[in-house]
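Take a look at these structures.
Two complexes, one shared chain (chain A), two partners (chain B, chain C).
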Partner chain A sequence: MIETVLDALRVVLKTEVNADTSVHNTPQWDSLRHIEVIFAVEDATGVQFDEAELGELDSVARIVAAIQAKHAA
Partner chain B sequence: MRHELSLRGEAFGLRPVADDDAGFIAGLRSDPELGRYLHATSARVEDQLAWLARYYERAGDYYFVIERLGSGEREGLISVYDIADGQAEWGRWLLRPGSLAAVESAALIYQCAFDVLGLDAVCCRTLAANERVVSFHDSCGVAERRLLPAYVSQRGQDWDAVEHRLTRAAWPPVDARLRQLARLTARRLQRGA
Partner chain C sequence: MTQAADLGRSMRRMDAQQTLFAPLPSRLELLGMAVDAAEGPPRRVNVWRNHAAETLLTLARPYLDWAGLALDPWLSGYDDSLSFAEHAPAALELLWLDAARLPADAGWLEGRIAALREMSRSPILVLATAPVAASGPDVHVADLGAVCSAAGVPLLDARLAKVTGSPLSAAAQSLIARELACRWLPALLCPPLKAVAVDLDHTLYAGVLGEDGVQGVRLEPGHELLQQRLKALRERGIFLALVSRNERADVQALFDARTDFPLRWDDFSVTEVSWGDKADALQRVALALNIDVSAIAFLDDNPGELAQVGLRLPTLRGVLAHADAALTTRVLEHLPALWRWRVSAEDARRVVDQQANAQRAELSAADPEAYFKSLGVRLRFSLNDAGQLARMAEMSGKTNQFNLALARLSETDYAARLADPAGAVVTVELADRFSDSGVVGLLAARVGDDAIHVDELLISCRAMGRRLEDSIVIGALQCLPARPVQFRVAEGPRNQPARNWLGQPATWPPERVQSFTPPDGVLTERNIP
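Right after this comes the complex of A and B.
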């Protein structure tokens, strides 16, 4: 599943990404691209994030953890 | 300056700053992460009130609170100022951590500049070290940019800035891009409500 997330990020951010990628080490992951990242990940995984999560999914690790939590619920 | 301009978007709006916002402003500006690229500022509400008193008297300066429509929750701050010869700068742009109002607040400040104030061009200057915000302007499609070397001295160091400039003629595609994302964001927020 992480590969699905990474693929979505690559398409939106147009740069190489990995499991450690976050807004803090990827300047291209700006506030506009963040919206596009969220939509792309939701489309690719079929998961719908809660509103409270939307602004906090600022790293690959957090996105993957949020998806895993939803699948486990 | 005291003004009565308000703009409504899909999920967020702009309204004039008032004295009641002084605590909110002080809180945002003194946030260590948000304040990394700002001039040193006081976290005291009294100092923000004094700054606002001077701002109210300054012509050509429109300071807004970005708020969530419906709830009125404050999301951040934005302004357009230094209006002269049909041009202005926009900035003082701060959003609470986790806010999704960046795209729509940018769309609304451009609407304010071009539609409401009738300006011909507006620029935004960002410290070059603030790479995510520089990237935001690039992502909007604002193609006219230039480097301003040693634009400001802060904390004993000279800092370069990047100026993004948008003219009225170049605005429509930028507006379309921002509005489309703002609509999708609003729909997404409504779906989760």
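Right after this comes the complex of A and C.
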């Protein structure tokens, strides 16, 4: 599943990404692209994040954790 | 560009159709696509907005490139007051509005649009998240909710407004981007498509007529839908042409026998059925319809053939017909400059009128004089008829051959002219015993103390070649005060017919207008307020 997330991020950010990628170490992941990241991940995984989560999904690790939490629920 | 590069570009455009015209386009696939950028200098579009437009414009990009529409969007700051600060001239003014943020006063937006109209004569396109009241010349309001409900997706997504700056759902953005780039913008910025030419085998049905026979070819639900849509285009004034490599007798037998086909043989204004070259056939279609090949779209299932046609006729719009005819139908429905904001009475009459022209030509060959008298031509001249504003602008945009000044006046220009005491616009309607052509002539002038200055003079190609040019133009001038007439003339690539008609000089004494009487058999009527 992390590969699906990484593929989606590559399309949106148009740069190489890995499990450690986050807003803080990737200049392409700016506030405008953030929503594209969310849309792309939702599109690729079929998951829909809650409003409260949207602003917090600022790293691959957090996105993957949020998806896992939804699958566990 | 080399031939190989042109072919590659053409093939990539065809490949892109599947992703671009999926029932619900995938955002991820759209973002990852590589469509060659539209050529030509980009035209500026002013985007006045109170919510985020960036993601919409990103999604619109592959569609704009596919449509061949090069745009340079300029985004205002987020401005709920719509102050139009830093306005600069643009080809189009786009209002991108979160309706929930606008004042409740219903007249407020009308007022802001009137203010924008003071600054700009370009078309104004309003896209709002809920129905809004907006009107005026060349003001167009798209229904975003209808686009989404037709596709079964929600327009709004309450989770998003705070994070994204826009309440639109992700699915809505993809669909709206497609409508914007393929329908709403091209209808305002591109010369209109006037004809759709279609191949037969594997396009209008599944199978090959020469192999499967009349009863063997299959009309699947997608093909039925495609044929219905094509028939509907004809009713909106788009010519249909058949361009097929087949035996003509077989094709006629097919349309005779297959009464389950929504399309009938007579629905095609031109039929080119032979074993010859398709590019040649399409050029003959253009000639028969008296239109430029750039106004034709050609639907064919053979990508190689389409690419070859594209090399010979680079301005013609080639469209790949897919095995999934429902997909082909969606492509057809989104062909840039085929969709219109309005369908006028003249649009609906066009196809019938063109067929009547063929009948006229046939009959007039026998005895031209007697035939002309027997036609029962009626010309109706109307001065400053505000009810015809949309048709005036449509004629200015579409008329290429009998267009003396090429002023290309917009609906806003005409509205201003009608409001100006010195402005005059005469529209001319034509009817005869074969058809009612509607408004086919237009003369726009300024009435000065010294002279009538004709700034725009147009005759639709449907009325040309019927020896009515003098009756139309001079009849229109007779609706204005008797003064010398000064014609504005511009030289364009295709307006030689108008320039030849005028000849020299471009100024006439008033007697030339006053002494004119129309030929026997032409009845005239005036509607002057």
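FYI, the second predicted complex is superposed on the first by the 73 of 73 C-alpha atoms of A that agree within 3 Å, B and C clash if a C-alpha of one lies under 4 Å from a C-alpha of the other, contacts with A are read in each partner's own complex, and residues count from 1 in each chain.
The rule is simple: a residue touches a chain if its C-beta (ideal position, glycine included) is under 8 Å from a C-beta of that chain, and two chains touch if they have at least 3 such contacts.
Predicted, not measured: the structure shown is a model, and the values here were computed from it.
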Touching partner for A:11 - first (chain B), second (chain C), both, neither: second
Contacts of A:3 with chain B and chain C, given as first, second, both or neither: neither
Partner chain in contact with A:29 - chain B first, chain C second, else both or neither: first
Chain B versus chain C as contact partner of A:44, first or second or both or neither: second
Overlap of the chain B and chain C footprints on chain A, listed as residue numbers: 32, 35-36, 38-39, 50-51, 54-55
Interfacial residue positions of chain C with respect to chain A in the complex: 26-28, 31-32, 52, 54-55, 58, 158-160, 162-164, 170
Complex interface listing, chain A residues touching chain B: 23, 27-33, 35-36, 38-39, 48, 50-51, 54-56
Complex contacts: residues of chain A adjacent to chain C: 8, 11-12, 32, 34-36, 38-40, 42-44, 49-51, 54-55
Complex interface listing, chain B residues touching chain A: 95, 97-100, 102-103, 131-136, 139-140, 178, 181, 184-185, 188-189, 191-193
